[in-house]
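Both of the next two complexes hold subunit A, though its partner changes from subunit B to subunit C.
== the complex of A and B ==
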């Protein structure tokens, strides 16, 4: 995957937070995943097929997803199912929106929702896996992209 | 009728449309559920996601149109490439709203499709 292609994802994440909340998310410097797992408490993973193969995931803690859910639904204390749904929808939106750049044959699966911190969720990501650190309202999240 | 595999999206769309006086006849989490619900409770207007398990939104749109060619469908999807939008319109959708959307954007599209806005 090229640097330019990674920028498509970063732009989509930036636009998402601006559109939904009116507040920009800060993007850290992307790095290639090594041994250190970049997985937080709630994760949405989407498989990619077609000419490009691999997966992406978005992972975040409860606080970030609660704030986002509150922005959309005015829910004060969303339950864990709602937070999982939120992270799945967010990941789906990111993967769907990058089709503007990758084209309609960038085929995306429905999101797989993961609660907790499995040792690793690399199985569908094709190395090298790029990790983009995200900071929004002082809460961190990660976007991981691993495409052939 | 609201069709989306995300409960957050179903609840958000319900929340945005209810104050406008729309009656939500039901919600569904995939295309198959949507078809079953539509046969039981035909809606005048359907919001329809595309990427869903079991039956996706485009297949569901085609089936809905076979049941009732007059049903008005707003496709709401994160698949924001132009080909997908065009395909939805060719299959008979009234309009296509890309995710993420704001409350104002949704209301604008719904009112336009419902005929209460030019």
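== the complex of A and C ==
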């Protein structure tokens, strides 16, 4: 994992917020996580196989996703399925960009959407797992990257 | 009337000639219709002869020539009794006329009328329509008088331009209007699809025969062989010739070629035109009559097509059109003196016109009325399917080889069954066509089978396989897997470069155009082509949905296909080599991992394990401390950096103490990063990325170290366990040996072991002791332990007891004791004597001497040699193995009670 790769993933997410809502997202201090996973209520995970193994996930709380869904779909009170779709949309964007910018080293799986807090999610990521807090409108989400 | 014999002969000949006209009609009509209807048309010509002949005899003749009722129809001579020669001759001649008139209809209505409908029309014609009209014109001629109303008015029709030909034409017209045109004869725009007749040459022969018959038709109408006959025949022929030439040249001019059908119809029109007037017009007039007959025929043919009235053989223009004209020509060109009606030409012409109208009204009116009514109950026309199939088969089940061939082709086109073959009639043209067609089908089928095999290969091969031509276009056939690589866009005919471009890096395609030229340049050899191939290995996008799409590594190979030394096409083979590449990368990764692990191993080899374990525990704890500090987000970035620095610095000191320079260097690098960040103005969170990555790598090194240490510890534990297992295995093996040996000798034994070798017994020592202990156990059972009965007799437990103990201090001390019979000193002495020892010496052997003898080779007290004992080498072996390693053996025994060996061996250093 290089700084450029990690920065690329972060930029995709922050630019997504800016493109969709016109309001850019910031990042917190990145850190390494080895035990308890940093997982919030809604998570979209992309598994990566091939020569570079591991996974990337984006996880957020309901408040952030509701706000984002309202912005895009004009839904006042989106249900959980809509929020999960929202995470899926964001994860797809990450996957699409990864596909475009990296070569065959990244064989990308179909994004997996998770509601709740699975405990085994770190198993899918290869250590060291970098957690990047994403801050948008005072709400927090996490981007986790664990790649060989 | 009393005809002369010459007249009789002439009328008979003329009747025969008129009869021959039937053959002419049959040939004419069957040649003009399609072969699928030719038999039907000919059958009608034959059938109407029978119908007309009988009908004319039963009623027709009476109506035509019987005693007149007011000039309208005859009233007697039905079922005529041929009482006189004249009556017979007269009937014969007119019966031929009646049937000829009916035959005209058969051609016009051909190709779509039911056979039964045609018979009805023929009956109507011969029994009613023709006789009534004949009565009007020719009534009384049997007796040389004129009784018909038209005849009395001066209407003249010498041989039947109106009575026979026009009547046939009118009847035809009425039936055609009821039937409608043949399927597909007229297009939407009014143009005509001309039918290709079964054989125009047959029609020409038929026309010649008709012309010949006309000699009798017109020449015989004098009913006597007088001086007029040759002129009548000549003028008839002149008219026919004029008609033929007029139609020929006019048609040639209009259509641009000498149309055979116009040749035929022009001649017939001329012959019909002269039929009414031949005796009364001049030779010159006969030419005019004939020429105008042809013009009328052409005009009427044109009009009928415009009005979409489909006359299959142009019978109406010929017989009705020329018949009307010929009838008028009597007034226009006839010599009034010869006509002898007392009318001038205008009056004569008007009377002729009246006759024409009366004939039309009667013949057309009656036929149309009857046909209309009957058609309401039973359709005159065959079904569309029957019409398409043809009336030969539908009406008569009469097939022709051409029809059979056609049916086969039709069935084949409908079903697509390539196994069908056309019936081959030998020695016919159609048979030869069918035979050739079958050969074509054989080859086609072979090719299709070959193609099916080829396609089957393409569908199952795992490689993308296709051809490109010199224009870079993909060929029509390619392996189905190709679509997985290049997408499912229509690939056949598509430009290869255009299909590939969106799927690869643009830079890959840049040299393609030049390479394409190279590919099709036969001067450049294959090796150079392979070397220049820009697609030797490319990364290929698959065209999936965003996110789930993947890329593959693909390898393109090009094989040139040449014809006459020129490259005409190139076969492209596309292979997915992703797994190959992935495997290669995995192997490289594994190799790197192994190397880095070995490197780590060498770096920690010098450190005392307990110190390393303690250091790693601290490393782990401090790493977590740093991670939690950064995760908590409660501190300012500056604080985070400060704390992290402090923790890392402590760790660096420990690493130095343990002489782990690679860790020291790594921490030092991170410290530099931290100090750089501390001094960075406007510190951003994104600036921490580099630090995070360095910390990640550092912690990863710690994790790898822990894993390596864990692996080493596991390895050590496994080795220790292996020794314990080995020791356990020895005990169990000795137990098994004791029981097996005792069992074979019928003895009972119990083995007690206390081998305290664990943790100290080196692997080579284990092997040594295995050998020794096995010998001692066997020795005890074979020579020491008694049989159970003997033991009981001596007051012992029937189960013998063997005890093996091993202790390790400075020395191995191994004891093997059994409660058997001890050593039989006397028995051993005897054995020594047997072996040739000096008896006097043996007699003086002490207890120790006897025991020493026991350890020499070849001494055994066992009665026989078995697998377990008897060779006398066991104790000797034990003694020599011990001596080799500086060991000693002590023996103590009490005869009848026990024997114990105590083996001492210095432990190896």
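We take it that the second predicted complex is superposed on the first by the 141 of 148 C-alpha atoms of A that agree within 3 Å, B and C clash if a C-alpha of one lies under 4 Å from a C-alpha of the other, contacts with A are read in each partner's own complex, and residues count from 1 in each chain.
Here is the rule we use: a contact is a pair of C-beta atoms (placed from the backbone, for glycine too) under 8 Å apart; a residue touches a chain by one contact, two chains touch by 3 or more.
Being a predicted model, the structure only gives us computed values, none of them experimental.
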Touched partner set for A:7, first subunit B, second subunit C, both or neither: second
First, second, both or neither for A:96, with subunit B first and subunit C second: both
Partner chain in contact with A:31 - subunit B first, subunit C second, else both or neither: second
Partner touching more residues of subunit A, whether subunit B or subunit C: C
Which superposed partner A:20 touches (first subunit B, second subunit C, both, neither): first
Which of subunit B and subunit C A:118 touches, first, second, both or neither: neither
Which superposed partner A:133 touches (first subunit B, second subunit C, both, neither): second
Shared contact residues on subunit A - subunit B and subunit C: 92-93, 95-96, 99, 103-104, 108, 110
Subunit A residues within the subunit B interface of the complex: 15-16, 19-20, 69, 72-74, 81-82, 85-86, 88-89, 92-97, 99-100, 102-104, 106, 108, 110
Residues of subunit C defined as touching subunit A within the complex: 539, 546-553, 578, 581-582, 585-586, 589, 623-624, 627, 630-631, 633, 637, 640, 685-686, 688-690, 692-693, 695-697, 699-700, 703
In the complex with subunit A, residue positions of subunit B that touch it: 5-9, 11-12, 15, 51-53, 77-81, 83-84, 98-102
List of subunit A residues in touch with subunit C within their complex: 1-3, 6-7, 10, 26-35, 38, 46, 50-51, 91-93, 95-96, 99, 103-105, 107-111, 127-128, 130-131, 133, 148
